[in-house]
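Heads up, there are several structures right after this.
Next, two complexes with chain A in common: one pairs it with chain B, the other with chain C.
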Partner chain A sequence: MTREPILSAKDIEIEFTLRGKVLKAIRRCSIDLYEGETLAIVGESGSGKSVFTKSFMGMLDANGRITGGSIMYEGVDISKYKTEKEWLGIRGKKISMVMQDPMTSLNPLKKIGKQIQESIELNQGIHGEEAKRLAIDMMGRVGIIDPERRANQYPHEFSGGMRQRVVIAIACACKPHILICDEPTTALDVTIQAQILDLIRGLQRDLKMTVIYITHDLGVVANVADRVAVMYAGQIVEYGTAEEIFYYPWHPYTWALLSALPQLGVKGQPLPTIDGTPPNLFNEVKGDAFAPRNKQALAIDFEEEPPFFRVSDTHQAKTWYLDPRAPKVEHPAAILQLREKMKKGR
Partner chain B sequence: MLKYTIKRLLQSLITILVVVTAVFLMMRMLPTDYYFTEEQVMKMTDEQKHDQLEAAGLLDPIPTQLVRFYGDLFRLNFGDSRRISVGVPVIKVISQRFTISMKLGCISLVFSLAIGVAIGILQARNKDRLLDHVGTAYTIFVNAVPSLVSYSLVLVFGARVLGLPSLYSSRNPTKGSILPIVCLALASIAHYALWTRRYMVDEMNKDYIKLARVKGMASKDIMTRHVLKNAFVPLVQYIPASFLLTIGGSLLVERFFSVPGMGPLLTDAINRYDTNVVQTCVLIYASLGIIGVFLGDVLMMLVDPRIKLTGGGSTR
Partner chain C sequence: MAVPEREKLIECKDVQITFGSGRKKFVAVDHVNIHIFKGETFSLVGESGSGKTTIGRAILRINPVSSGEIFFKGRRISGKIDKALDQEVIQKCQMIFQDPMASLNERAKVDYIVSEGLINFHLYKDEEDRQMKVEKALREVGLLPEFASRFPHEFSGGQRQRIGIARALIMEPEFVVADEPISALDVSIRAQVLNLLNNLKKSRGLTYLFIAHDLSVVRFISDRIGVIHKGRIVELAESEELFLHPLHPYTKALLSAVPIPDPQLEKNKKLLVYDPSIHDYSKDKPIWNEILPGHYVWGNEKEQDQYRKEIGL
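Moving on, here comes the complex of A and B:
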C-alpha cells in the first residue's frame, strides 16, 4: 500500500549560531508523515528531536535557521517561509503543539477560558459569546469537570495534569491537521501520564489529527506509536513500525537504547548504559555519528557515513551492518530477550 | 482581601507611630536652649526661659509630654516653628513648601512614567538592536554619573542653549520649574525604562509566550495582550511609592535650583534644631514611604489573581 505523505521533510539542515560559532543541530534529516498516524520520534536529549519538529511550525529560536532541505506541506515548501504572516497560516490552524511543561505554558494572569477562547478567536474567526461557548465545550472535551466554573479560574487554581489538559485544549481548539506533542507527559506524575496519553489518543480519533510524539520514554512509544523514528546527533538513524523497531531493530544506537530499558534489568545488577557522549555538533561529524560509542563498530563506520538500507517496506536503518558486504552481525542478547518478553506479553 | 488590607493598614500606622515616637524622644534629649532662637537665648534670663518652657509644658516628665504629643498628633496639631520662622504654625511652614514640591514631583512623575515606560517597551521590542543599546547607554549614564554632574549638564544646556532660568524664583515659577522637573525626571525615566524592559524581556522568554505563538497569535498581539500586561504587574508595585516619594521633594534637585520645596526643609530644620518642624517632616516622610509600599501591595493584589495575601481560602 502506498500512501501519500501529508507532510514530507527532506534533507532538512538546521544551524544555530552560538557566540559566533555555528552548531549543526540537524544534519540532513528526512521524514514522511502519513494521514492519521501516530509517529514517535525518540532519541536522547540534544539529539534534535524538538528542533526538527519545531521547524515544521517556524518556531526555531531567533539564532537558528533552516539552511537546507524542504518541508512539503499541502503542496508548499514551508521551510522557505520567512515572514511571521506566512507562518500564522500554519500555526494553530494546520499544525499545533503541546509543550512539555504545563506549569509554565499558561499565562498566569489570564483566565483559563479566555486563553482557550483566544485560540478559537484567532483561528476560526468566531468571537465573543460564541467563542466562549466553544472554549467551554473544548474544556469539557479534554475532561475538565464543571468547565463553566473552571473557565473563570486562573492557572494557579489548576493542578499540573489539569493544566496539561488545558494546554491540549488550546492546541486542539482549532482542530489542527497535525499535532506535535513535545514530551507531553515528562513533567507529569506517572499516574496522570496514562490519562493524558488516552486523552490525546481520543482527540486524535475525534478530530482526525495526525500526531507526532517527541519523547525519550520508550514506554510511551510502545503505548501510542504506529511508527517510530530514532534520532541520534541530528539525524534520523532508523525508522519503522513500532513492532519493527522494538522487535527487529538494526541500528546499533537503537540496540543500545532498547538494551537500556529498565524492564530488561535484572534485580541487583546495574542497568546497562550507553558509554561515552554524543558527538559535539560544533564539529564536523565523520562517518557514523554513533561509531565512537559502538563497541562493535566496523572500520568503515569511522570513515564514511552510511546511507539508509531498506529492511522492509516500512523499515529502514542507516547502518553499514545492513550492507551486503558487511560481516554478519548478530542482534545483541538484550534485543532477543526483549523480543521474547514482548511476545510473551501479548 | 479586605481583612488583609485592614491588617496591613494598621501595621503601617503602627510603624509610623514607632518612627515618630523615636524621633520625638531623641529630640527631647537636646538641651532646652534649642527651644529658643539665638537672639532669645542671648536676651532672656534663665528665669524667663524657665517660665516659658514650663508654660509650653516642655519641662514635664517625658511620658506626660509624649501623651500630649500623641493627642496633638491626633488633632493634627503640629505646634509652631520655634527657630526657622518663629511662631508660625509648622503646618503653614510646611504646606507652602509642600505644594511647590508636589507640583514639580507630579509633573515629573507623569513625564517619567510616560517616557520611561515607552522607552522600555521600545527597548524590549528591539532587543539587542541599536535602539535597545541607546536606551541602555542612557540608563547606565544616568545611574553611573553622579547626579550633580548630570544636573550640571542639564543646567548648562538649559540655561546657556535654551535660555531657561537657572534658578527657581517665585516670580516666574513656570519657566523656573522646567529644569528642576527635567532633572527630577532624568533618573526616574531611566528607572522605569530599565524595569519595563527587564520585566518585558522576562515575560517574552516564558513558555506561555511560546504557546501563544504556537496557537497562531501574531507577535504584535502577543506583545499587547500578554507581555505588556504581565510585565506591568511587578512594575505596578513600585508606582505608588515612587509617586509619593517624588511628592516629598528631592533634596538635591531643590537645593541645586534653589527651589523652596520640602527637600531642603528637613536638613534646615535639623541644622537649626527646630524640633517641631523636624518631627512633622519625619512624620510626613515616614508616612509617604510606608503608605507608598502599602498602596503598592494593594495594587499588586488587585492586578495579580495569584496573590491572595490572607492565606487559606484558596481552591485547588
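Moving on, here comes the complex of A and C:
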C-alpha cells in the first residue's frame, strides 16, 4: 500500500495509576489508519483495545496518561495535547465515537431530537431551527421512521436497536473524518446487529468516513473489516487484511481465538480452549505475553519479546514462529478447514 | 416418530402465559407445544422479548401458566400441585443464569452460595458431608476447593459462571435451564463453558433447555432447536435439519443474520428481513404441523403446501 495514513499511532504507551501502583495498559502499540478503510481491532476484554482507541480522542480516565509514542493526525502529534480546549477541536468534529451500550449512553431526561441537536450546535456552530432541521434530517438518515414525531420522544420510548441508531446519529451528525465504534452491536439481537452494521456501512460510504471497529466478535469482524488488528495484553500481536487474518493467521493467539469459536467447532468434540488468564499488567511482561497460555510455545518465547515479522506487504505478526530459525509449527485444524472452504469457494 | 419412543422428560401442551389482567393483559407466550427428551439439549432461539426465557421460567414454576399444561416425567407440574412434587421439581430442575456478574450474592461466600440449596432442603447429613459436597461440585466445574472461602468479587467472569453452574449441580438435577449462559462471557471463556456443559451432560446424563439468541452457538451445542417469534414457536427441528432446510420465513431471516467468521462468506451474504405481515391468517387459521418427522412448522394450509413444495414432497 503506497497510500499515506491519515492517522498514525507510533509506539504508544499508556499507563494507569491504580491504588499507588502503575498499570501498563498499552505497551508500545503502533497502527496506521488509511483513508476510507474499515479497521477492526479484536481481543478479549482487558486487552486494551478500548483504551488504545480512546487515546485518539483524549478520553482516557483521569488516572491514565500517554507516557510515550506519538499519534500523528493531520500533521500534528495529538498525543501531546494537554488541555480540553485542544481536544475539543478533534473530539466530535474530526473523530467521533459510538459506545457499546445504547441503554446508558443517552441522557434519559432529554428529548432525542435535542440530544442530536446539541451535538450539532456544539460542534458546527449552527443554532436553533437550522440545527433542529439538521438533527431531524440525520434521524431520517439513520433509518428512524417518522423522525419529526420521534424527535420529541425520550430515550425510554425507543427500543435498543433504535437507541443505537440515535447514538450513531449523534456521532455522525458532524460528519466526522474518523468514526470509532466500540462494540456497537454487543448489546443487540442478531437481526438488529446485522441492520446496524449495514447502517454504519452505508453512512461510511455517504459521509466518506474511516471506521475503526472495536469488537470481540469475529463474526462481526468478518462482516465489516478491510483490515484486522489482533490485540493481546496491551499490544497488537498481528495485523493484516481480513482474508489474511482469517485464512493465513500466524500468531498463536489469533489461532486460539479462531479455534475457540463454536461456529467452527465440530459437534460432539470439545472446543479447543485458551487456558489460563492474560498476564497481570502491573508486572513487567517478559518474552511473548501469550507464551504461558500457548501449548506450542517455543523456549525463546519465555525469554525474549518477538519483533514483528513480515508475512506480506499488508500482513505482519509478532511471533517467533516466523523466524527462519524456528521449527515448523502446524496450523490448527480449524484454520486449515477455514482455508480449505475458502479455496473451494473460489 | 421414526426413532423408538424416547422418554419425554418435559412436555408442554398448548401452554399460554400472560402477564397482567383485564385491559392490561399481555400474552407473552401462546400455543407452545414442545417436548424435551431425556438426555438431549433442546435450544430455544429468538430475539429479546420473544418469550424464550418466560417458557424456561414457566417450566421451573417461576411464572404460572394461564392455560395449558406442563409435564415433568409424565406428571403435571403446572398449576396447583402437592407439596412433595413441588419440592421434587425445585430440586430436579435447576437454572443457570445469563449474567454471572449479577446472579451471585456479593455478600455471601462461595461456600454458602453453592450450598444454599442443600441448606434449604437439609440434603446433608452433617457439616462434614456438606463441605464434601461443595468440594465435589466445585471440582466438577473445574474450580479449586479452596475457592469456597472466597467472595464472588474475587473471581473472573468465567469463574463466576462456573460457580453458578456448581450451584445448580449440587442439587443433582436432571433438567437444567441454561438461560444465555455464555452471552455475557468473553470469546476465550465461551469455549470453556460450552465444553463444561457438554461434559456434564455426558457424565451426569443431564437434559438442557438452552436459551440463546445466537444461532451459531446453538448449532454447536444442541440436538434440537425451536425458533420462537413473538411468543410463538414458529419452527422446530433437529439442529442440522433446521440449518439445512429452514422453512418459516422468520427462521430464514434469523439464519441470514448469523455472523459467520469467514470474510468471504460474510461479505457476500444476503440479509433477509422478516415481515410478519406476509402471513394472512384472517380466514385460513395457522396450525402447528409436523411437516417431516421431527420437523414442525407453524403456518396455515396454504403456507404448509408451499413449505412441502420447498422440501420436495
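Rule of thumb we're sticking to: the second predicted complex is superposed on the first by the 340 of 346 C-alpha atoms of A that agree within 3 Å, B and C clash if a C-alpha of one lies under 4 Å from a C-alpha of the other, contacts with A are read in each partner's own complex, and residues count from 1 in each chain.
Note that in this section contacts are C-beta pairs under 8 Å (C-beta built on N, C-alpha and C of every residue); 3 or more make two chains touch, one makes a residue touch a chain.
Keep in mind it's a predicted model, so treat the numbers as computed, not measured.
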item: Partners on chain A (chain B, chain C) - clash or fit; value: fit
item: Contacts of A:Met342 with chain B and chain C, given as first, second, both or neither; value: second
item: First, second, both or neither for A:Leu122, with chain B first and chain C second; value: first
item: Touched partner set for A:Gln263, first chain B, second chain C, both or neither; value: second
item: Touched partner set for A:Thr83, first chain B, second chain C, both or neither; value: neither
item: Touching partner for A:Val190 - first (chain B), second (chain C), both, neither; value: second
item: Contacts of A:Gly92 with chain B and chain C, given as first, second, both or neither; value: first
item: Chain C versus chain B, contacts on chain A by residue; value: C
item: Partner chain(s) touched by A:Asn107 [first = chain B, second = chain C, both, neither]; value: first
item: First (chain B), second (chain C), both or neither touched by A:Asn280; value: neither
item: After the two structures are overlaid on chain A, angle v-u-w for chain B, chain A, chain C in degrees (C-alpha centres, nearest 10); value: 70
item: Nearest Cα pair across chain B and chain C, whole Å; value: 7
item: Residues of chain B that touch chain A when the two form their complex; value: 206-208, 210-219, 225-226, 229-230, 233, 303-306, 314-316
item: Parts of chain A lying in touch with chain C, wherever the complex brings them together; value: 44-45, 160, 189-195, 198, 216-223, 225, 242-243, 246, 256-258, 260-265, 267, 270-275, 277, 338, 341-342, 345
item: Residues of chain C that touch chain A when the two form their complex; value: 47-48, 156, 186-188, 190-192, 194-195, 198-199, 213-217, 219-221, 253-254, 256-267, 271, 274
item: Touching residues on chain A, where the partner in the complex is chain B; value: 57, 59, 84-85, 88, 91-93, 96-97, 99, 101, 104-110, 118-119, 122-123, 153-154, 156-157, 159, 167, 170-171, 173-174
